[in-house]
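You will see two complexes here that share chain A, one where it goes with chain B and one where it goes with chain C.
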Partner chain A sequence: MKKKRLITQKTAPYFFCAPFLISFFLFLLYPMINMVYTSFHKLEGISKYRYVGMANYERLMTDTHIKAAICNSLGFTVGIIVVNVTLALFLAVLLNQKLTPCRNAFRTAIYIPALTSIIVAGIFFRLFFGSNTDTPLNTLMRFFGAGPKEWLYDTALTGIVALVFTSTWRWLGTNILYFLSALQTIPPELYDAAYVDGASAWQRFWHVTLPGVKPILIFVVTILTYGGLRMFGESYVLWPGSKTPGDIGLTIVLYIYRTAFGQFDMGYASAMSVALFVFLMILNALYIKFFRIGKKEG
Partner chain B sequence: MKRKMAALLLSSILAASLLGGCGGTSSEPAADDQASVPSEEPVQAGKEEMPAETQEDGETTQATGEATQLTFWTYVEQHTEFMQDAVTVWNEKHPDEPIALSTETYPVDDMHSKLLITLQSGDGAPDIVDVNVARFSDFMQGDTEVFVPLNDIIEPEKESFLEPVLDIYKYNGNYYGIEYHVGAPIMFYNTEILDQAGVKAEDIVTWDDLHEAGKKVLEATGKPIITFEVNDSWSYYIMAGEKKGDYFDENGNCIINSKENAEVLEFMLSMIEDGTAVTTPGGGFHTEEYYGYMSQGGAASMLECLWYMGRFTDYMPELSGKIQVAAPPVWDENSVYPVFGGTGTSVTTQCEHPDLASRFLAEAKISVEGAEKIWNVLGFDPLRWDIWESDAMKAQNKYTDYFGSDIFDVVLGMKDQFHPSNITASPQFSLANSLVATDIMFRVLNEQSATPQEALDNAAAEIESAQ
Partner chain C sequence: MKRTRNRMYQVCVVFFLLIMAVICLAPFVYLVVTSFVTDMSLVFKNGIALKITPDMLGAGNYSMLRTDDNGLYFSWFKNSILITMLFTVMSITLSSMVGYGVAMYDFKGKKIILVMILSTMMIPVETLMIPLYNEMSQFNLLNSYLGVVLPFAVSGFTIYFFLQYGQSLSSEYMDAARIDGCGEIRIFLNIMGPLMKPAFTSMIILQATTAWNDFLWPLIVMSKNVNFTLTVGLQTYLSPYGNNYNLLFAGAVVSVIPIMILFFLCQKLFMEGMIMGGIKG
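Moving on, here comes the complex of A and B:
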């Protein structure tokens, strides 16, 4: 008699998906469900959760720090999108020109920061932006005739500039790589044809290059948006001990971290996480609709 | 069939490696995380799994025979040296029950979050742990006991100890931790700068005296007399504590917006406004920027606790012989000196040898020899007052070389005015402390966007809404 087989055509897909599904349920879905549960409770001591109803969500409405955190996170996101798209595209176009000398050396050099740890790089940037008069940036400011500044403790704007600078230094190379790969998919004939038709360099960029890199552009903007809104590492290292005076440099995720692990207020931190999740899902839907992701062109 | 078997085998290996990669063993607390945080010293995870004889580095004390493995977590590198020294002494005295201690140092926030998670999950917590006093009450809430009561080792010796500081870690009649030091507030004066202005530290008795002296120093040298932290709270906490101001009363009620607290902020602001004080470069007293600033003679004084001496000796060696320790200025004749310790050491309930760990802790921190080492090795003011006037406190060490031989006389002169703070009276203390450190000081002193009373009232409202 033939034994009943465990793996049939019907069950095989489940086996192949099992590693992902198990880790997804265990390490993502379960913690998420638990987070929603926790958001209606207050942690007392180590393991006692007291039901508090909507209190954590009500607190969310009146919390002034969360407003600052949202402003910082949005400011940072807009900042890195603007800088990383324009600068990366500009440099990618330059590095794609055959006339640019030492192209490969520059490509490698620009990419290297992406390989460093943010903790290590962040320590350098914290000292770079340091408030003493002899720190690198303040020395540079003096050279240009401006006074020294307490960059990390001045205004919310200088805080965001420091964050955007640190983040751009690290991720610019990766974004250039994306754009370079997109540029190389554009057939050279299109440029030749445009040239023959008498298009100027700017017109060639606007009408040939830009439409050619559009899919990658959408990808980069999407990645930067989520990267920006969930940014944590940069602000964690630039302001030691995750202390952000006057909420300068306080981002949404840093605030969640500080509430959860600095004050052990797991309930409120969970409520913030749920709110951030809902906000990101709405943003996701808008992106899909706006960029027509998943729909056929035309 | 063979191919199917091979496919099945391969997919199960894949699944196992995926899950294996995610999980890790519980005795190896998040190795990835350790690699990505700036730890004060390289952390060696999972060391306790190795036999003591095979360990070569100095962090784990060698012990012959059947040494009991204990783990110790801290966030202060100096404490590991102190504990390893204590283990050596213990093993000499108790050859029949030797201990091998593996120590792990983490950054302060990471250590407390790891401790919380391991205590919550019921597995992976260390046997002995240093807990910051400002975070201690977080672990004391609810109905789960996470630390072992230390009454057996503390109560017999209680008479010889400064009891108010012992009581910081007392809940429901049980002592759950033992402090390293009194944490006497101390003023560190740079005599080189004071001399240039013809000011003597001995003449500065009240805060108003300091303000007046500051004007002279500013005129003569162009330098501020004192620095105030903007992303830390302790210099403010001491100054407010002198007026018996606090964040909570002894019953845990929020009094952060009290008149006394606001008056202290007003005073600090007045010094900032006329240039006799500045806010600290780098935001606080524990940053590279600040060490550099003070080493170069940036300001003439700072207010911290006695344990800050170690920062001077280790990070500002240039100032050796130029720093005078003195009792902080007072507000008036009713002023007190607030004491609130700093770090309590506890034995967790996950420890398999709580009795041995407690007795070891007693020898390390409670015994006369232990208390003497707290002074000589760590430069801390021990809680054991019965040795304060002994010769051990006058012995030469790196602190007397740096600050002069009469350091402890300063502490002795202050002892009658020591007053305990209500630092562990409320689980909201860490929130209050965070609000002072990240909001109040900065808005009032640096940004000057809120008056002291406004900033304190906002904080009180926020603490209220978090309850």
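Moving on, here comes the complex of A and C:
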């Protein structure tokens, strides 16, 4: 007699998908519901929650720290997208050219920072953006006739510049790999045809390369948007410990973290998380509509 | 004519790429050199502007790292190694299962599961840190390895990577194996799994790096200093008041070594796997 199997061709897919379904309900759906519930409450004592209605959300509207945090996070996100997309795409094109010597060595060298933790990057960049007059950056400033700056504590803008620089150092390599993988999908015949037709290097980039990498370009812009808006570590490490004057470098997630795990104001922190979540979901919908993600184009 | 233009191009490109490579690698050189400076108050005062001379160097920081606080650094190191291994094994096993299941089978509810997977890729875990912390505390998993690993072991991104890779495989092998009386799980383990090897290499490096460098979640889950991972532990040396630079620099350098070893061991396979089999939009 043939042994009856529990996992057949019919049941196997459900068996394979089980880990995802369990994780989805346990670590995503349930916490989400829990978070919305907490956002209407205030933690009193150690584990007692009192219903406060919309109070936490009303507080959001008047909080000046959150305004600064939103400005910093948005500024950082725009900066990181502009710098990372242009630089990564440019470098990927160079590293994809057969004419470029030592391609693999350069690919590896530029990818290596992606292997480090934000702590390691933070140690270096905290000193790099230090206020000493002889740092390379301040020497450069003097060369252009400007005075030395205390980059991390000057204005919100220099804070954002420091953040963009620090993150780009770690994120660039990964984005280059994404673009390189997209460049492989462009058939070389297209370049040959364009070349025969007398297209200049710029025209070839604009009419062949750019349309070819468009799907991955959208992918990279999307992950950079989320990566930017949820950035935490860079800010935590560059300004360790305390509050900064004028909330320089404070980001949304860092503010949520401090409210929740510094002041144990779980209700208010949950309300902020819900607001951030809703904002990101709206952004998702806009991106999907605007970029037509998921629809195959010819 | 064309040849001289190519030469010009090559010189310019190499020059530019060299600058980029120096920017990418200089911080490592700086950290390694500075980690041997014994009088760290100089570094604290002068920052990066400090001119380091050979007579300032010594291995003192590393021996201090070994003995400080009964070898606290080594318990962080051990925690990081174990968490990284646990996370990588769990996440690769579970995510490859799901990705494979969705890619290779047609079944009722496949569309819904696909939409669910894609939607989890768009949900930032940072927004869920508070309820997840509460949940871990209910499960009694705070200050434990499982508490760090479990919530993120099945990630949409990793599933999607395996899913895309699986779609490029032919299901004829599966039919042939079925005729030979092979069970579905054995088909996955012995036949289709090995065909996905490049995807496994890329994801192992990517997941191990993620776990090794993860900061926010271990910071939340681990509250006792013997339970810290390297990133969380090193960060305590960053305080603006204390002068722990000796430990900070030496500790940072040592913390980079394991992931570098892993990367250089699988570097060729990783680069190819990412570039050839990577996300195609």
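Note that the second predicted complex is superposed on the first by the 268 of 298 C-alpha atoms of A that agree within 3 Å, B and C clash if a C-alpha of one lies under 4 Å from a C-alpha of the other, contacts with A are read in each partner's own complex, and residues count from 1 in each chain.
Throughout what follows, a contact is a pair of C-beta atoms (placed from the backbone, for glycine too) under 8 Å apart; a residue touches a chain by one contact, two chains touch by 3 or more.
Keep in mind it's a predicted model, so treat the numbers as computed, not measured.
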Contacts of A:16 with chain B and chain C, given as first, second, both or neither: both
First (chain B), second (chain C), both or neither touched by A:130: both
Touched partner set for A:44, first chain B, second chain C, both or neither: first
Dominant contact partner of chain A by residue count, chain C or chain B: C
Partner chain(s) touched by A:28 [first = chain B, second = chain C, both, neither]: second
First, second, both or neither for A:119, with chain B first and chain C second: both
Partner chain in contact with A:262 - chain B first, chain C second, else both or neither: first
Shared chain A surface residues [contacts with chain B and with chain C]: 7, 15-16, 19-20, 22-23, 27, 117, 119, 123, 127, 130-132, 135, 237, 240-242, 260-261
Contacting residues of chain C [partner chain A, same complex]: 6, 9-10, 13-14, 16-17, 20-21, 23-25, 27-28, 30-31, 43, 46-49, 94-95, 97-98, 100-102, 105, 107, 110, 113, 116-118, 120, 122-124, 126-135, 150-154, 159, 178, 183-185, 188, 209, 212-213, 215-216, 220, 230-231, 234-235, 238-240, 248-249, 252, 255-256, 259-260, 263, 267, 271, 274-281
Chain B residues touching chain A - in the complex, by the definition given at the top: 4, 8, 11, 14-15, 18-19, 22, 36-38, 108-109, 112-113, 116, 119-120, 138-144, 146, 230-232, 279, 281-284, 286-289, 292-293, 427, 430-431, 434, 437-439, 441-443, 446-447, 449, 458, 462, 465-466
Residue numbers on chain A that touch chain C, as the complex places them: 5, 7-10, 12-17, 19-24, 26-28, 30-32, 34-35, 38, 91, 94-95, 97, 99-102, 104, 106-128, 130-136, 169, 172-173, 177-178, 180-182, 184-185, 214-216, 218-219, 226, 229-230, 232-233, 236-237, 240-242, 253, 256-257, 260-261, 266, 269-270, 273-274, 276-277, 280-281, 284, 294
Touching residues on chain A, where the partner in the complex is chain B: 7, 15-16, 18-20, 22-23, 27, 44-48, 59, 62-65, 117, 119, 123, 127, 130-132, 135, 150, 152-153, 237, 239-247, 250, 258, 260-265, 268
